[in-house]
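One structure is given here, and the rest of the page talks about it.
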Amino acid sequence: MEKVSFYSLVKNYKAVFIDSYGVLKNHEGLIDGVQDSIEYIRSLGIPLRVLTNDASRSQEQQVKVFESIGLEGLKKEEIITSGMLARQFLELKITSGKIAYLGTERSAEYILQSGLEHIPISDIDLEDIDDISALLFLDDEGFDWNCDINKTVNFLRRKNLPVVVANSDKYYPVSNNDVAIAIGGISRLVEYTVDQKFIRFGKPDTQMFMYAYDELNKTGNFEKKDILMVGDTLRTDILGGNKFSLKTLLVLSGNTRADNVDLKINSTGIIPDYIADSILN
Amino acid sequence: MEKVSFYSLVKNYKAVFIDSYGVLKNHEGLIDGVQDSIEYIRSLGIPLRVLTNDASRSQEQQVKVFESIGLEGLKKEEIITSGMLARQFLELKITSGKIAYLGTERSAEYILQSGLEHIPISDIDLEDIDDISALLFLDDEGFDWNCDINKTVNFLRRKNLPVVVANSDKYYPVSNNDVAIAIGGISRLVEYTVDQKFIRFGKPDTQMFMYAYDELNKTGNFEKKDILMVGDTLRTDILGGNKFSLKTLLVLSGNTRADNVDLKINSTGIIPDYIADSILN
Amino acid sequence: MEKVSFYSLVKNYKAVFIDSYGVLKNHEGLIDGVQDSIEYIRSLGIPLRVLTNDASRSQEQQVKVFESIGLEGLKKEEIITSGMLARQFLELKITSGKIAYLGTERSAEYILQSGLEHIPISDIDLEDIDDISALLFLDDEGFDWNCDINKTVNFLRRKNLPVVVANSDKYYPVSNNDVAIAIGGISRLVEYTVDQKFIRFGKPDTQMFMYAYDELNKTGNFEKKDILMVGDTLRTDILGGNKFSLKTLLVLSGNTRADNVDLKINSTGIIPDYIADSILN
Amino acid sequence: MEKVSFYSLVKNYKAVFIDSYGVLKNHEGLIDGVQDSIEYIRSLGIPLRVLTNDASRSQEQQVKVFESIGLEGLKKEEIITSGMLARQFLELKITSGKIAYLGTERSAEYILQSGLEHIPISDIDLEDIDDISALLFLDDEGFDWNCDINKTVNFLRRKNLPVVVANSDKYYPVSNNDVAIAIGGISRLVEYTVDQKFIRFGKPDTQMFMYAYDELNKTGNFEKKDILMVGDTLRTDILGGNKFSLKTLLVLSGNTRADNVDLKINSTGIIPDYIADSILN
C-alpha cells in the first residue's frame, strides 16, 4: 500500500466514511486540527458520514458530544451508529412483547423507539418472562455485572428468543493506557456460556457500511468506487471497508501506530489500500 | 414461531428470496412439485431471487443446471451467487497484477472477468510472485489437495495480499448420506495454518442479502418488510435473513428436518419467524 | 457402550475416581443413597478419590462441606481439587514477588501457602506493579466484576506475567434451573480481551487425573487399567478420563440425563465406556 | 526472564527434557555442535529425554534418523513421541475391532502393536463399518487428501467412535522458508467439519511430559523441580513445560528467533524461565 496525505487523497473521491475514535477524537478529546480537516472536506463539496460502533448515544447525542469537545458543524444525519442497525432490526422483526436490555436507560430510550416497552434485566422476574420477546445488549454501563450477567444467562436458559448485540467491539479506550470491556465483550461471555449465536451489529460487519451507503444515496448518486473509508483499526474499519469493496485509508493516529503498522498488517493479513499519519493534512 | 403453509404465507409479501439446495433441489435433482411452486409465485406477480453459496457456476450456468434437472423458466438475473460478490470485490479492489486461485478453470473464468490474468496455484512459481495481487478460494475441485493446499500456505507465508473466499460453506451434500468439504472448509484450514484473516462471501453474511436487495430494487420499489426469505438451514439462510431484518421461513425439506427442528432452534438460538414443511403447498 | 449398574461394575476395578457435583451431590445437597454407595466401595476395599474443579475450598474445607450435607467418612487426602494443581504450579514456578488474585480471601489462603504475599486485584495500585510476579483466577466471588475485571485487563496490558486459572469450568449449578458463571468463564472473557494464553487447571485436562493417580500410587501399586472414572459430564469427566486412558462410567444423575444422553454423545463424539443411572446401585 | 548459557544452566538440574526440531536438528540436518552438547550433558551424568510430536516413527526409527544425520549415541528409551501416547490409549481403551487410520503403513505399524487389525481409510467400505472401533490420525503422508479426507468425514457421519490424533502440530518445517500441514492440522479440518471433539496427544498437552516423567522415574528418583525443559517453540515446549511446573529454557535456534522473541513472548503471554541462543554452549 501507498503512504499518502489525506488531503491529497480525499480529493479523488465523491464521498468519505470516517471512523470516530482514533481518527476524529481520542481519550483526551478532539484531536487537534480535526476541525480544519472537516472544513477541508466540506470545502471540496464531499459528503461525509461518521461510522461508529458506539451504540450508547443517539445521532443527536453524538453531535452534542462532538460539540462539547469542540467540533462544530456535524449534522445528526452524518452520524451512523451500530445502534441504528439494532433499532432497525427491532422495528422490523420484533412487533410485540417487551424488550429486555443490558445498558443504561438513556441508551435504551434511543434504540427502543418502536413503541415496545423495554425493561432492564435487573427488573425482570425470571418466573414471569412470557411477554418478553427479545434481549438487547446495549452498553457496558448501567447494570451490576455480578448480578445481571448471571441473571441474563439464566434468562436465556429459560427462554429462547432473538438476542441482539448493538456494539460488537471487545473494548474501548478510556485513557492513554487503559481500556474498558465493551458490551460486545460481555455479550461474548454470555454467548460462550449459553452456547448460542447472537446477532451482532457494527464494523467490521458490512451491514453498517451498507446502511451508510443507502443513507448517502438518498442524497445523490454514489457508487462504491466513489467512496473512501478512513479508520484507525484494521479489524473493524479496514476489514469492513475492504469487504464492502471501498478503497480504505488506514490512519496512524489511534489504535495502529507507525511503530506497529507493518507488524499488524502482516500478522492479520488485513491490508489497507492507503496509509496516512492522520487526517490532519 | 408459527407453523404455516408456504402458499398462504408468501401471498403476504411483495418479493421472495429462496435458497437453492434443500428448498428447490436436493442430491436427487429437482424436488417434486417445485415447478408448481415457482409457477404459483409467478402467478402472484411476486418477483423471486435464488440466493446460493455455490460459487462454481455463473448465473447462466446455474440456470442451465436448473433446466437440466427439469426446472424451467428461471432467468439468469434471478440467480444471486456468493461468487458474484467475490467478482465485485475483485473488480473494485484489485486493479492490477494477476489473481491466483484454487478451483476449476470454469469457475475462475466466470469470476475473473475484470480483464486481469488468472493463474491456478499449481502453475505459480513461488520464487516469482511479485506480480500476483490477490488469492481466490473458488471451488473444492480442480486441484490436488496434497500439493496445492501446502503450496497455498507457503505462498501466503511469502506474500501478504488480499485473500477472498467465494463460498463460505463448510461442506455440501453429495448424496442422501454423504457430503464433500467445500472450499469454505479448505480455506479455514489454510486460515488456521497461516493465522490470518480472509474475506469471505456468502450467507449468513448479510452482504449477499444486500446485493440481492439492491438488484431487486433496480426493478421496482421494495422495502425489507416486503420480502420473505425462505431456506432450509438455520446457520446460513435464517441467521442471515434475520440479521438483514427480513421475515424468515424455515422449510423442513433439506438440512433441518421435522425430527430435529426444535432441537436445532433451541441449541443454536437462531429463530425463524415461520416454519413450513416445504414450499410445495 | 453398555448400560450397567455401578455396584456390579466397580467390583472389577482396584480403585475409583469420582466427580463430586452431579454424582455425589447436587444443588439440594447430598444425593439420597450416596452414603451407602461410598460404604459399598469401602466394603470392597477399593480406594476412591473425589476429583473436583471447585478450587474455592481446601481439602479440609471440602470434607467439612460434605459432612455438613450428611456424607460422613471422607478423608481429606481423598479429595483432589484443581486448586491443588494451581498451588503446585505456584510453589514450583513462582519463587519471589507477590501473587495477585481474583477470588475470596479464603480461597486465596489455601492456595497461596508458599509463603509468598498475596494481594487481591482490588488492592493493587496499577502504577506500582513491579513486585507482582503472577496472577491467579481463583473464584467468581469476592470481588466487584464491574471494577475488577476491567482492572485485571489493564493490569495485564501493563505487565506480562504468568496467569493461572484454578478452575476451568464455564459455570456451575446453583439451583435446579439456574447456574452461575465460574471463574473459568470470567477468565475466558479476560483472555479474549487481552488476546493471551492463560494456564488452566482442572478436568478435562489430564494433569488432574495424573495428580490423583500419583497420589493414589503413593498408597499402593495401581495401573491405569485398574481404575474406573465416574462422572456426570461428558466434556470434563469422560473426555479427561478417556484421554488419560481410564475406563469411564457416565452417570445420569447430573448434567447428562436419560433423555439427552444419546444426543449428547452423538453430537460431541465423547464416548464413555459404560453408562449407569447413578452410583446408587 | 534471564538470558543464560545452556551449559551453565543445565548443570543445576538432575535431568533434562529436550525438544527435537529446532533444538537438535533443523531442515538441513543436525545442528552443528549438537553432538558436543549431548556429550556435555552425558559428562555431567544428567539423563535426557527427547520429546517430539513426530508420531510417524517409532523410537527405534527416530534413533536411526538421528544416526543418519550424524548424531550418535541416543538410545531408543530416550525418545518420547506423541505417538507413544496414542499407542497407550489404544492398548488400554480399544480392545476389540479394527482401527482405521490416515497415514503411512509404517507409522501405523509402530503404533498399532496391540494385536488389533488396522486398515487405511482408503480401504474401508463405508457400507461395512460395524467392526471398526476407533479412528486414528497418524501422519499427513500416505493417503490422497482429495479422496480420503472426505471419506473420513463421511465415515464419522455414519459412526460415532473414539477418534485419536497422534500429533497435534499444525504444520512442520520442510525447508528454510516452507512448511507442510501436519496431520494435526488436517484433523482440525475434519473436527471442524463434523463438529465433534477428538482426543489429541502431543505437546503442549502435559500428558506427554507426564509420560516422560514417569519413564524417567523408573530409572531413579526425580522431582519436577529437578528437571529442565528445553525447546524452541513457545506454544508447545514452553507452554507445556510451564504447565507441568518444570523450569523452561527457550532456545533461539528454531521457531523463535532473536529478532522476534520479545514480540512473541509479549503477544502470547507464554513466558519461559530462561532464554539461550542455543544448546551449543
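Chains: A, B, C and D, in written order; residue numbering restarts at 1 for each.
Simple rule for what comes next: contacts are C-beta pairs under 8 Å (C-beta built on N, C-alpha and C of every residue); 3 or more make two chains touch, one makes a residue touch a chain.
Treat the numbers as computed from the prediction; the structure is a model and nothing was measured.
Participant: From chain B, which chain is the farthest off, judged by mean CA positions?
Facilitator: The chain farthest from chain B, judged by C-alpha centres, is C.
Participant: For chain B and chain C, let me know how many angstrom lie between their CA-based centres, rounded off.
Facilitator: That pair's centroid distance is 44 Å.
Participant: Give, as an integer number of Å, the spacing between the C-alpha centres of chain D and chain B.
Facilitator: Roughly 40 Å separates the two chain centres.
Participant: Can you work out the whole-Å distance between the CA centroids of chain C and chain D?
Facilitator: Between these chains, centre-to-centre, one finds 27 Å.
Participant: Among the residues of chain D, which ones contact at least 2 other chains?
Facilitator: In chain D, nothing touches at least two other chains.
Participant: Which pairs of chains touch one another in this structure?
Facilitator: A-B, A-C, B-D, C-D
Participant: Report the residues of chain D in contact with chain C in the complex, numbered from low to high.
Facilitator: So the residues of chain D touching chain C come out as 88-89, 92-93, 156, 160-163, 194-199, 205-207, 210, 224-225, 235, 239, 242-247, 265-271, 273.
Participant: Could you pull out which chain D residues touch chain B in their complex?
Facilitator: 126, 144-146, 149-150, 153-154, 157-158, 170-171, 177-181, 185-186, 188-189, 192-193
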